[in-house]
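One chain, subunit A, appears in both complexes that follow, with subunit B as partner in the first and subunit C in the second.
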Partner chain A sequence: MSKTVDIHVHHVTRVEGHGNIRVRATDGVIEKLEWQVPEAPRFFEAMVRGRKYEDIQTVVSRICGICSVTHSLAAIKAIENAMDIPISTQTDRLRILTHYGEQLESHILHVGYLVTPDLLGQKSVVPLVGSHPDVVNVVIDLHRLGNLMMEKLAGRKTHPVRLVPGGFAMLPTAHDLRQLKGELVAAVPKLEALAEVVANLAGGVPHFSRETEFVALVNAPTYPFYHGDVGTTDSDEIVSVLDFENVVNEYVVAHSTAKWSKWHRDSYMVGALARFNLNADYLAPLAKKTASALGLEQGCCNPYMNSVAQVVESVQVVERSIELIDEILTAGIEYQRPEAIIQAGCGAAAVEAPRGILFHRYEFDENGICVRANISIPTNQNHANIQKDFEEMVPQIIDQDQDHIRQQMEMLVRAYDPCISCSTHYLDVEFV
Partner chain B sequence: MKSTVLIGLGNLLMSDEGVGVHVVHALLNSGRLPADVVALDLGPGGLTVLHAMTGFARAIFIDCAFMNLPAGEWRQFQPEAARTVKVRGRQSLHEGDLMEILDLATGLNRLPNEVVIFGIQPASVEPGERLTAALQNKMGEYQTAILQEVGSA
Partner chain C sequence: MAKPRIAIFDLACCEGCQLQIVNMEDELVQLLTLVNPVEWREAMSDQSSNYDIAIIEGSVTRSADEMRVRDIRIRAKYVIALGACAMQGGVNKLKNNFSLQEVKKEVYGYAADQAQFDTFRTKALAEVIKVDFEVPGCPIEASELAHVIKCLLTGRRPKLAEHPVCVECKMKGNCCRYEYDEVCLGPITRAGCDARCPSNGFWCFGCRGILPDANMDAAREAAALHGKSFAVLQSKLELFGSE
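After this line comes the complex of A and B, so read on.
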């Protein structure tokens, strides 16, 4: 009797946005194997055309509710690049601190609420309340801290209002920063507890590995989230963020409304694992120790370990945030009015979103009106790599039970922490 | 230390679904809330409700609620007096159920000592940025009831 595998996951759960998995195979012969993105395009690049430079970050932050700070910062940096707007050391430090808050919030959301249930064999975080209340409480506390950082620094936990070209519309007080530092110091043992839980569950991480090109920011004074150029694990080549289109090489496929990307190979991966593989030497001491305890080593090509790399990065941003707050308080918070001289220009920037490198480019006329925009989202850059992982992994497990194959594929998608609703782009395609 | 958190929940783009947020903003603008009350617009809510309740002895929620009542009617009740029958699509992080979140909080020992829900029966939860007349006409009544609960009326 022939064995048929027919998987159609219509919208993978526990990811943001809509993505489908389609597999059809008979007697081990795969006839169809697709990672599909059916989200509608959202036209953000068209929306900002005709708007003034100072409104751009407010509009594009709405691309994503989870990484709205990253989108705001990428837009602001690109605007500052286009108009030669200088920023102070204080602004730079405060922006990085705000961005760390978002990394923490997003990573904890992903690892705690979306991935841990997989590792504990549950469908969601809800059953864990009964079986692992201590773990859930730690996750909630850390998630709250990430939100608190964004609230105190950017004015809101989502869609920041204080981040503007040239600086901050309103500065945090020294009291705010001292309060945050106290909470960050208290978070360290909670992160250690979470890392221990993840280490104990590491046996549940599927053993799958595929030679992969990893792409992330490099060349920064510290583990790069906000500064740097574009690097790859495939060569020593370093590309200026001003030339990011030469990295992302976007293209379209018939079964996805989102654009796909490739650089030196058919696909590449961005995100926490890419950052770790390119920059692990720059990790702070406790983050390094955590990576070691979790068995994460540079050169890891198991995409499921992306979630483990997110735990390491959570430690990293808490450690660095404590140091940054000390630096800011030591220097003293000085009132600085954000200022810009409006001029025509074109600028680009990159910032590491929690789920990978994000690029923004804008062109302005002499009145500071946006005439062109181009945004390359990390999840778009990962779509081709998810497909390539499927193509390597599924033949290895095609003889197994259909539910097991489906679960491994869903877990793989979730490991990339995709934000599919962000990833849809200005496209008009027809499914055939 | 402020003792009470007043939380308005709802989606302002879905007409009466956003009533909790409308009421909280009206109360904030009225200047009549006691000094020991923190009032928050938490939008669709979700897990941030757990964060917002942390450290408070009392939490008061204002939310749109289907209760088989005439549109615009409201009920004040405690969580244990009701159970959720909401069927969720489970495809969006934006979709939440306050009753489920309160269950989570109970299981995690994060529930304030006192929790009160002001449920308001909607006339419509279809797309729209305004409340329907059935609810708009009762905004004063809702505010008075909540001010009584927080001890300021």
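After this line comes the complex of A and C, so read on.
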């Protein structure tokens, strides 16, 4: 009797946005294997045309609720690049600190609320409230801390208010920063507890490796999220963020409202694992220790380990935030009103979203009105890599039970921490 | 109503409003003792076609989604529009300033006509189905959603603020944004956010929607007094789907 595998996961759950998985196979012969993105396209690059420069970050922040700080910062950096708007050291430090808050919030949300249920054999975090209250409490505390950082520094947990071209619409007080520092110091043992939980569950992480290209910001000797240029594990070349279109090489595929990307090979991966593979040498001490305790090594090609890399990065951003607050407090907070002299120009910027490198480009006329925009989202840089992982992994497990295959595939998609509503808007199509 | 079954759905949006539900943290854990979540794709793998309350985030931009919300309407006793995208179309309505063919071409080039890029003019939820309750904002204030659900559980009718953001802003003692040579929509935008943006050094951009009986004359006057044209005010109004 022939064995048929027919999987159609309509709207993968516990991810941001809508993605489908389609597999059809008879007697181990795969006839169809597709990662589909049916998210409703929203056309942001077209919509921001005609908008004043000062409204851009407010609009594009709404590309994604989970990486709204990153989108705002990428837009603001690109606007500042286009109009030559100078930035103070204080602004720079406060932005990085705000951005660390988002990394922490998003990573904990992903690892704690979305991935852990898989490793504990549950369909959501809800049953864990009863069965693993200690774990859930640690996750809630750390998640709340990431939110608190964004609230104190940017005025709101989601969709920042204070981040504007030229600086901050309102500054935090020294009291706010000291309070944050206290919470960050108290978070270290909680992170250690979380790392221990993850270490104990690591046996549940599927063993699957596929050599691929990893792409992230590089800025030696730091582990960058906000500054730097584009590095790759496929060559020593470092590409200026101003030339990002030469990295992302976007193209359109059927069944997907998100564009796909490739650089040196058929696909590449962005996100925590990519950043780790490129920059692990520059991790802070405790983050480095956490990586080795979790068995994460540079050169790791198991995409499921992206979630583990996020735990390491959570430690990294907490360690660095404590140092950064000391630097800001030592320098003293000085009132600075953001100023911008409007001029025509074109500018680009890159910032690491929790789920990978994000690029924004804008062109403005002499009145500061946006005439053109181009945005390249991390999740869509990952789509091709997810498909290639499927093509290598599914034949290895095709003899197994259909539910198991489906679960491994859903977990793979989830490991990439996709942000699919982000990934469905682009410009500058390159067809292959 | 005994432990109502709640389902959460999303259309074209950033899912930031659902994130505010997650951000309720332990308050959410308490809320879960009062309601039974049966479908919430962003956070759970469970699915159901049987629910009492449907919470819908996002705007309607495709025929497939229009059919989906009509189906949800038939199944649910109550439909709650969650956030600006569902309530008034939100930033998604900026698309309606252009022809559909033009926006598709701008974003997807000569692949614009492929079936997967099918889109129509952005509609708020109430333009497609009957909406029972609304939770305004971009993103929502979680406390307002909690209020709506508590009202439903206790048989009361939730009520939104009917005064403008200006009132809350004055009560907080903020200096008016017009004094900073900025254009602010506080005089006509629905309150309930505790004047969050002006209290953080930024103008109100109207994410909670314009009040049904907004005093447009006062807004016009405030703008004129500070040398701002009504056209600038209108352009800001467009940002979150108000007209």
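Criterion: the second predicted complex is superposed on the first by the 423 of 432 C-alpha atoms of A that agree within 3 Å, B and C clash if a C-alpha of one lies under 4 Å from a C-alpha of the other, contacts with A are read in each partner's own complex, and residues count from 1 in each chain.
Criterion: a contact is a pair of C-beta atoms (placed from the backbone, for glycine too) under 8 Å apart; a residue touches a chain by one contact, two chains touch by 3 or more.
Small disclaimer: the values here were computed from a predicted structure and weren't measured.
On the superposed subunit A, the two partners subunit B and subunit C do not both fit; they clash. Using the contact criterion defined above for the overlaid structures, shared-chain residue A:322 touches neither subunit B nor subunit C, since it reaches no partner. Of the two partner chains placed around the shared chain by superposition, neither subunit B nor subunit C is touched by A:120. Judged by the touch definition given at the top, the superposed model places A:397 against neither subunit B nor subunit C.
In the superposition on chain A, A:11 contacts both subunit B and subunit C. Taking subunit A as the reference, the larger set of touched residues comes from C, when subunit B and subunit C are compared.
Applying the stated contact rule after C-alpha superposition, one finds that A:59 touches subunit C and leaves subunit B untouched.
In the superposition on chain A, contact is made by A:130 with subunit B only, not with subunit C.
Of the two partner chains, both subunit B and subunit C are touched by A:157.
When the shared chain is aligned, no partner comes close enough to touch A:346: not subunit B, not subunit C. Within the three-chain superposition, the subunit C stretch that clashes with subunit B turns out to be 153-161, the only such case among 63-71, 99-107 or 153-161.
Comparing the two complexes, residues 11, 13, 16, 65, 113, 126, 129, 140, 143-144, 147, 157 of subunit A contact subunit B in one case and subunit C in the other.
Remark: subunit A residues 11, 13-17, 38, 40-43, 45-52, 55, 58-59, 62-66, 68, 109, 113-114, 117, 123-126, 129, 140, 143-144, 147, 155-159, 161-162, 164, 168-170, 252, 254-257, 259, 421-422, 425-429, 431 touch subunit C in the complex. Subunit A makes touch with subunit B in their complex at residues 11, 13, 16, 18, 65, 113, 126, 129-130, 133, 136-137, 140, 143-144, 147-148, 157. Those residues of subunit B lying in contact with subunit A across their complex are 47-48, 50-51, 54, 90-91, 93-94, 100, 104, 107-110.
Of all residues in subunit C, only 11-20, 22-23, 25-26, 29, 32, 37, 40-47, 58, 61-62, 65, 90-92, 94-95, 97-98, 102-104, 106-111, 114, 116-117, 119, 138-139, 196-197, 199-202, 205, 235-236, 239 touch subunit A in the complex they form.
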